[in-house]
Amino acid sequence: MIMFQNDYVEGAHPAVLQKLIDTNMEQSVGYGEDPYCEAARERIRQAAGRQDVDVHFLVGGTQTNLTVIDAALRPYQGALCAQTGHINVHETGSVEACGHKVLALPGQDGKITAEQVKEAHDSHWADGAREHMVQPKLVYISHPTELGTLYTKQELLDLRKVCDECGLYLFLDGARLAYGLAAEGTDVTLADLAALTDAFYIGGTKVGALFGECVVIRNPALKEDFRYFIKQKGGMLAKGRLLGLQFLAMFEKDLYMEMGHHADRLAMKIRQGLREKGYRFYIDSVTNQQFVIVENEKLKELEKEFVFNHETRYDEKHTVIRICTSWATKEENVEKLLERF
Amino acid sequence: MIMFQNDYVEGAHPAVLQKLIDTNMEQSVGYGEDPYCEAARERIRQAAGRQDVDVHFLVGGTQTNLTVIDAALRPYQGALCAQTGHINVHETGSVEACGHKVLALPGQDGKITAEQVKEAHDSHWADGAREHMVQPKLVYISHPTELGTLYTKQELLDLRKVCDECGLYLFLDGARLAYGLAAEGTDVTLADLAALTDAFYIGGTKVGALFGECVVIRNPALKEDFRYFIKQKGGMLAKGRLLGLQFLAMFEKDLYMEMGHHADRLAMKIRQGLREKGYRFYIDSVTNQQFVIVENEKLKELEKEFVFNHETRYDEKHTVIRICTSWATKEENVEKLLERF
Amino acid sequence: MIMFQNDYVEGAHPAVLQKLIDTNMEQSVGYGEDPYCEAARERIRQAAGRQDVDVHFLVGGTQTNLTVIDAALRPYQGALCAQTGHINVHETGSVEACGHKVLALPGQDGKITAEQVKEAHDSHWADGAREHMVQPKLVYISHPTELGTLYTKQELLDLRKVCDECGLYLFLDGARLAYGLAAEGTDVTLADLAALTDAFYIGGTKVGALFGECVVIRNPALKEDFRYFIKQKGGMLAKGRLLGLQFLAMFEKDLYMEMGHHADRLAMKIRQGLREKGYRFYIDSVTNQQFVIVENEKLKELEKEFVFNHETRYDEKHTVIRICTSWATKEENVEKLLERF
Amino acid sequence: MIMFQNDYVEGAHPAVLQKLIDTNMEQSVGYGEDPYCEAARERIRQAAGRQDVDVHFLVGGTQTNLTVIDAALRPYQGALCAQTGHINVHETGSVEACGHKVLALPGQDGKITAEQVKEAHDSHWADGAREHMVQPKLVYISHPTELGTLYTKQELLDLRKVCDECGLYLFLDGARLAYGLAAEGTDVTLADLAALTDAFYIGGTKVGALFGECVVIRNPALKEDFRYFIKQKGGMLAKGRLLGLQFLAMFEKDLYMEMGHHADRLAMKIRQGLREKGYRFYIDSVTNQQFVIVENEKLKELEKEFVFNHETRYDEKHTVIRICTSWATKEENVEKLLERF
């Protein structure tokens, strides 16, 4: 079986793994205070184009989201996000488990707009009985979104502006960030994200690391005592260097972007190929996740050789499946896929 | 100014207050273990038509909701409720502060249906990755709802059935229960609620008590150690007898229902009167809350003499206001109101 | 049976109750924003000798403690307190339920010292791995303590000083404050507490109110959005004026202090009387709680007429009981008690 | 510098790393449902000598402790543990962050006794006002303890007995389990732990894995929906096979015990060597952690070549240091250490 169901079916990019092999028997201090983490932080700061950010390494995405959000909010404050946002749907209520309401807004292709944020904020503060309601304080967006879509630079500028006006934090979940940054036609760079968000994270798990996410914090209010949060939430890796080493491998040369380009190119090849065969898409995605509408009979046949994620039922006879490429996807498998479709 | 904005602008019904006066200098043990609480519990059991229920007295509605819900749910479980549900909108995220997600469903006039519950449940359990999502475990409904509407007995039977099938708790918020039970045309009794829910509460604050809500628990799973929850959440009144005495006053004769009838009768008088004058209603409510669409200019004029709750903007020229009657509403004020409209 | 087991066996002081009676059918806005609450706030500010404090009314003690402490702490911070502190022992882990560790220090007669606080603080910050430990941020003291003892003004000044040096909040639980302020020989006034703490509360439940505690906040950092906390924790009374009215009754003249004097005088009478009869005391208390060592046989006899709180086993043959006086204790009952002992 | 300060300064045992290398480009399903995890579970069940246990893999120790404890306790229940217990001291209040009080008991060399547990339990239930206090429900012990000491089989049998009598869960933190199981003179086996605890975990991070802890649950009450907890707390690794592979490497042959023996043998060599040189020990430990009392001047000299953990100040002139061996400690470094001392 060839797996296309997600972007974490393989281990790590060989260059990433090699770093772990090369340093395996070295001794170093724990908890992210070793020289490799420091070196990786330096690379990340360079890639982000600014020195005024704090850089922390955590193990996984849910953990990262809950840690940053809990650090940002006071107990009566909540996080605005799209209805489809990962924290709203697929993290078992981990933000609520920290005591905070997720304030879901109807999304458009997984995205929310500055207007929606403004309206949610204004409507809260206009209410005389506002203390009876959760106070919006943080805007959570993902880039790419859970549906593979991307924000434009202008949209991010607008969100930044509204957050500044309203005293809100802007937090960006970059679990699949490479696949966003490397997408054809995007005008958003890593430096833009560092400049426009209060905090964001650079995903490793889904982009070539064994595991690991890298949080970049620009807003000083979110920096204070952040390590206490990491530790309390169970996210502080004893052998912290493992995280530093992996991000070092991904950022000391251009590997992170290369992996993004590889996955996106193959995703576009699939998109193009399926379009030519007359397939329709559920969402128009320019990144590594493609949502294709497939006739159920056909799907059954394809699933003798391939594994996909079933996203949703389209109608009586059709299903929406997700086809994911990644840094590890082989061109030959994409070609075989296109043949069989 | 005559206040119609809610049903808690006055103190307590004189008969309720009198009980507190009569017993003021008596000595009794604290925390709800005194003879008055015991007597009140007995009256409630009689009114509910069953002896197998546990009866607890708490101070307020938000506290009651969060305490019952936290007692019912394990950390990864959530509460299904209408989008307009009080716990979803007007309790400052108190359920989330206990760690639980409120799973909002699109409501119809403040109500949710057995079908919606079934679908939410089935869709969770059908998902292979269900542990990535909050598990629905409790259904929260209010009766009357926040919009003044009522469930029919059949609707409650349907909800009970689906909860039994799905292993869900059914919890009913009766903050304004008297106004529901006394409404014209309802076929739902207190005994029905005791039989059909796992737990519900009989509201005192909005129906003639100084304060106080009475939780009735039928499901043994929710009974265990419930007093620990009350205490931990700050809801255990030291002079617990104050709650027992008030509910005793409301239930030793028929006072609770009488107060409900009084408010509902006057609400229907307002509804009838305004209809005759050509006013339209935002929601068709048979209980003490009436949601009227008023022209903004007219409203400004009315607000020289009366206080209303502004519910929502209807259109450029109209506002939806809430007019509440209560056990304490004076007929003469209703008449004056109708004159001025 | 005559009850001496605690200071909340009766209802309210007649003057307090009268206020509720007099205003019962008035209409007013809810949630503590009515004129009576405003007037009570003004009186409290006068009694506290400063205008720069925020004054809030809550229903009960546990609720007040958990609300203030949750408002003061970030998730990884904890509250230092004496091992015997109410929050550490008798509030069902309500502070922990808000996510915060209670950092118990060995107390001396229910009190902790500035030195202990300093040491706990310094030891945390001296540790290189401090983010692996809970950060002390608030000092919780009670006055009178759970053992009836009092801080001196110098001790409070020392605590203030160390809190300033260490960046800690000082929060004082005044559940029995009147009995502390009115005690013979104390040099601590209400104005001192307002000046020396970041926040404290004036207990009503145990001093003549039906229920209610009044939080006084001096530190601006604790003032922000405090009403959200009250609401979220279920402590915002719909008919908020009931709290304002009671505190108005207690503070518009000198009633609060009078009630304190009454209880303390009778407690001293008991202390003196029992000492003369040769009884020993477990703790040397100058306030309304007296902890007496009683021979078990004698106790059994006394308990035919009186109810006491059993505090702890002293030895095989003796028990430590607590005798409480209050604003409501009758002199004749004290005399009868002394006769029977 | 040669690091002796803890047992996680190196990466993974070569055999563990090799497994990751060998399988790196394979594709597999995520979240611990792959064949390697399944194979590892089977090995663990064999090593534990029973098939009726659930086996889960988590990333780190704090995460594992908080996840198991939160799964075991209802909101008003707490965990009994030694004052020195890791959850009480070095996990930034992560158990409290889940809402539960840690009920610390004075430990003897890091251990608690069945008698202490019984007394804590009985004293809670004997109290008429027990709902005002946290209900003890789980006993947390570590083996080896934070001080390197071990429980005997009889002590564990006694704890099991008292837990059965009192309805308590027994949870054992085995972060350094190999070093306990392999210690000279111990009569406790892995099968004993599986039989005598309700749940325990087999530490990987400190014993040769890159990271990872393996939870073994025998009590059915703790098994239900455990994967929801893992996910909600951020402990569910996307590439879950990484954990399975590592535990497979450690348990498919005898590697886990071999690593334990290696570390313990070298620790005993250090102990013997330092004893012969006249050094005193702070604690008598038979496992890989040795707590030695060193003169400060001497320490300064040693620290030119070696890194130790400073445990505590012994007196004006002496410090207690911790010397840790591990699976990776080189015999030559131990010899050099003994020479220099």
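We call the chains A, B, C and D, going by the order they appear; numbering starts again at 1 in every chain.
Please note the rule applied: a contact is a pair of C-beta atoms (placed from the backbone, for glycine too) under 8 Å apart; a residue touches a chain by one contact, two chains touch by 3 or more.
Keep in mind it's a predicted model, so treat the numbers as computed, not measured.
Think of each touching pair as a link: the shortest run of links from chain B to chain C has 1 of them.
More C-beta pairs in contact connect the chains of A-D than those of the other pair, out of A-D and B-D.
Here the spacing of chain C and chain D, counted between their Cα centres, is 42 Å. Per-chain CA centroids place chain B at a distance of 49 Å from chain D.
Distance between chain A and chain D, defined via averaged C-alpha coordinates, is recorded as 33 Å. In chain B, the residues that touch at least two other chains are 75-76, 91-93, 97-99, 129, 131-132, 228, 231-232, 236. Considering their complex, residues 75-76, 78, 89-93, 96-102, 129, 131-134 of chain D touch chain C. Within the complex formed with chain D, the chain A residues making contact are 1-3, 6, 8-12, 14, 17, 20-21, 23-30, 59-64, 66-67, 91-94, 97-98, 205-206, 210-211, 228, 231-239, 242, 328.
Those residues of chain D whose C-beta lies close enough to touch chain B in the complex are 31, 70, 74-76, 98-99, 129, 131-132, 135, 225, 227-232, 236.
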